[in-house]
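Next up: some structures, all given as structure tokens.
Consider the two complexes below, in which chain A is the common component and chain B and chain C are the respective partners.
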Partner chain A sequence: MLINTVLLVTRELLPLLLLLVLMLQLQSAQKSRFLLLSVLLSTALVLLLAPWLALLTQLAEGNGLELLFVACYGVSLLALIILLTAKAGPFSPALVVITAQGLICGINLLLYSFTGIGNVDKGDSYWLGTLLALGIGLSIAVLWFHLLDELKRRTPALLLLMLLPACARQTIEALALLQQTGWLPGGQALWDSGVVVSEQSEAGVFLQAWFGYEATPDLIQLTGWLLTLILLSALGYRCYIRRVKNGL
Partner chain B sequence: MTSVRRYLISVLIAVLVLTSFLAALQSYRLSAERARELFDQDLQLIAGAIWQQYDVNMPQPAQGLAVQLSRHGELKYRSELAPQAVNSWAQGYSEQNFAGKRWRVFVQSGNNGWQIMVAQPLQQRLQLADELITASIYPVVLSLPVQALLIWLIVSRALSPLRSLSAQLASRKANELSPVTLEQVPEELKQVLQSTNQLFERLSATFAREKRFASDVAHELRTPLSVLEINLHNALTRWQQQGLSDHDETMLALQQGVERMRQLIEQIMLLNRTHPDNFQAKTRLLDWVALCRQVVSEWFSQLEQKQHSISIEGDEHLMVKADDFALRLLVSNLLGNAIKYTPAGGQIRLTLHTSRDKAVLAIEDSGPGIPPQEYPQVFNRFYRVGGDRHQFAVPGAGLGLAIVKDIVSLHNGSIYLAPAGFASGLKVTVELPL
Partner chain C sequence: MTLQQALAALALCIPLAVEARQEFVLTLKDHLFNPAQLAVPAGQKIKIRLINLDAAPEEFESFPLNREKVVLGNSEAILYLGPLAAGEYPFFGDYHPDSAKGVLIVIPEAQWQQVQHVN
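Coming up: the complex of A and B.
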């Protein structure tokens, strides 16, 4: 169905676009070079891995792809922490974040497009749905860019604050995947906020892409998410205060 | 925002695409939901139409399908709403009237003589189609005010640097020539802002040069004039010692000329000094009445010489927040003018009082006065009533009232001219905020 395609593609595309916008805003210069390099690197990596996807999926008792994604989320989290503590938005960690996210997004979209995963209809509605998802994703990215631009202009520190939800999202996504593979035990949902904001709604998809919204989180996911947020807030605050004291 | 054009294009397209696509998705959702309901309703109607044959107690539905089954023209089955007679309607779709309604009918015949007729009220079909279409249009219509609101906000935001620039230019005082600064300078405004600031810079330099020139010239002339004055005095003394007489009063005229030039230079320098752009006022609370008395005493010899009668009326004390030097100069200039232009034996009256939130000083003389049509001009520099050949042959440079006006401006006050309360003469009223 069209709506399924839209939600599926948006769910994959939006986290990448939101992070890309944030990384672009953190770059004081060379924005075009960063955009070009990140797109090229992500595409090259996806194309390089595409022929080996079947093999990758078979690895680690059929959990190869999930573990690759967990690694990508882990690398992204590390790079985001470097960005949070660095003096100025460095180029390389930002590039790592986008490449890792691009890899996840690219592989998932490849799988949806060329395999039966995701139960996506490949008729006209698939392409119309992809077009709608692309339009929605890019529009949100453009508006997000201008919103961050405004925030940066008013209070530059707010931009660093926006890194925290991105970090928390990496943690919760990695934990969910580890639970999926059985490496971590699954738990009972602590609550169900799906009645307020469904994960299947547009708002739910956006919140999921922004800070890793889960309508039915379990204890492990919630703890991981909160710990990331609290620890990195403290770390970021310390680094920020030190930079302010040093007049940087 | 680096460019208004880029910002408007990108954000407007993003907003329009986002709202349109979300509205389309919502239309899709609502239409799909409504279609599902309609299909379910159809299933229910078909079940009801067949069930009626086997359950006579089943109530007749207000809306439903009519089903008729016949073989070789003989009725085999009909639902409650179907006609009792077997009609020979054309195969396929058609519109027919029966049971007091207009129906959409579908007729299909088999090779073995069987014929089935299924009909649905036309009104019901139209209503269902209408519901489906309305469900799909509803989000699109609702998205329009949202789009309009967002466009309004975005355009307002995009034009904010332009609004800020025009507000800054509009709020500027005539003498404020500092560069205009904007928090954000989009590409489209860079050239305008640069050109405007260059213009301000050039104007500022020109005005500064003009102001400095008069002051510098006056200052440079001071020294040779002093030397000239001393030499003239020495020459006159020597003439007197040698018993030389000055029949045609050449030396006296020369002395008066030098004195007038010295006064002119002093006035030019005072004018420059009291200009609001240059003067650093040290305001404090002053008793204006006491100050006027002191100034009158300073002019006492001239008053006595011309046998003027002078009076100070009004309040005993009038406190104003002003610069001592400037206020003294203001009263002195006005009183000096009154003494100069009032014929011997004339009257001068100073009145001081408060009027609401203002301190008012009025100086009236019984001199010849000024024609009302010349009131606005007398505050211009070097302007003299009657031109250079002043009808009363009173020496002056035409700078006194210009200085007074600058001092009044400096204290955010106002000055007016009017005929005096005497038979003739001028009344100068100065109002300063309390």
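Coming up: the complex of A and C.
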């Protein structure tokens, strides 16, 4: 239970923490206010939905939760596109990104907590595992923060470039969930890179959280992922050049 | 187009997306999958009705299948899969990975017809 909790909670927390660090770096001011507001909003939304989780999971032939997550990824992607094309990292879209990701992470953690909390045998392992995972996640987040800080200091545009893998991740996650619900056709895996980087390995978990790494992607997932990267690269580049020309 | 017409059109499209698929049942009791080896046909769209008979929730997880699905305690969920290539696709319960393990065995279509015929 202990090791499993560490693995599971780290896997859920990491995408949120990596995005949170990126959003913090994009904020020129009010970082503490942003952090506080995003935590409060995400927590409030999770608490608001908690009593309805059982009902939510049974909606749409048992796909209610997946459809909610697809909506979160969609909203997140739109907010990230606004950030990519905006003059300076605006406050509200960044808040929307973190709130949407926080909702996904919070619901998943809440569901997992049902197996540990209140269980005499597993309760201690659950809490200890959660604390350890929080420590691991925060350590990675601190390193990520300093890496992005260095990138920003050297070439500020690189920070905008880091939005692209985050956007591609939202797309591939939403597509995978839509396939899971049967709303999109599934397909056979194009390759299996699991022997090189397993999704269960430390590197696999990090890459998954960073750009939505899938060891066995199918055609729809790969196309969606690539299209997001290519189209948003072009869009971001156009906006950046226009801003440079205007001297902003 | 009015809102009602748009909703009606949308309602007509949904059954096309979720077309008829052969259904298989996978139950979970005492954190064990039953059957632990589930045979399904290759090259076909299928659905698996996942029935959790435990009081605790469980997450069906399979990396090769790209599926991750939470099923609350004493409830059920549907997993849409395929068409899959013949082979073995391991899966496990993310919340109890030590005990909840299984394999989806995807049988080539010709072989599947024979199995069906024998049954």
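As a convention for this text, the second predicted complex is superposed on the first by the 234 of 248 C-alpha atoms of A that agree within 3 Å, B and C clash if a C-alpha of one lies under 4 Å from a C-alpha of the other, contacts with A are read in each partner's own complex, and residues count from 1 in each chain.
Methods note: a contact is a pair of C-beta atoms (placed from the backbone, for glycine too) under 8 Å apart; a residue touches a chain by one contact, two chains touch by 3 or more.
Here the structure is a predicted model, which is why all the values come from computation and not from measurement.
When both complexes are superposed on chain A, chain B and chain C sit side by side without a clash.
When the two structures are aligned on the shared chain, A:Ala54 is found in touch with chain C, with no touch to chain B. Touched residues of chain A were counted for both chain B and chain C, and C has more of them. Applying the stated contact rule after C-alpha superposition, one finds that A:Gly194 touches chain C and leaves chain B untouched.
By the touch criterion stated above, A:Val6 is placed in contact with chain B alone, chain C being left untouched.
In the superposition on chain A, A:His146 contacts chain B only, with no contact to chain C.
Applying the stated contact rule after C-alpha superposition, one finds that A:Leu132 touches chain B and leaves chain C untouched. Panel annotation: after superposition on the shared chain A, the angle at the CA centre of chain A between chain B and chain C (CA centres) reads 140 degrees, nearest 10.
Once the two complexes are laid over each other on the shared chain, residue contacts for A:Glu202 go to chain B alone; chain C is not touched. Once the two complexes are overlaid on the shared chain, A:Gly182 sits against chain C while remaining clear of chain B.
After superposing the two complexes on chain A, the shortest C-alpha to C-alpha distance between chain B and chain C comes to 12 Å.
Residue ranges of chain A in contact with chain C, taken from their complex: 4, 8, 53-54, 57-58, 61-63, 65-66, 108, 111-112, 114-115, 176, 179-189, 192, 194, 198-200, 214-218, 221.
Partner chain A is touched in their complex by these residues of chain C: 17-18, 21, 45, 47, 56-57, 59, 63-64, 66-73, 75-85, 94-98. Of all residues in chain B, only 1, 7, 10-11, 13-15, 17-18, 21-22, 24-25, 28-29, 32, 183-184 touch chain A in the complex they form. On chain A, the positions that touch chain B within their shared complex are 1-3, 6, 132, 135-136, 138-140, 142-143, 146, 149, 153, 202.
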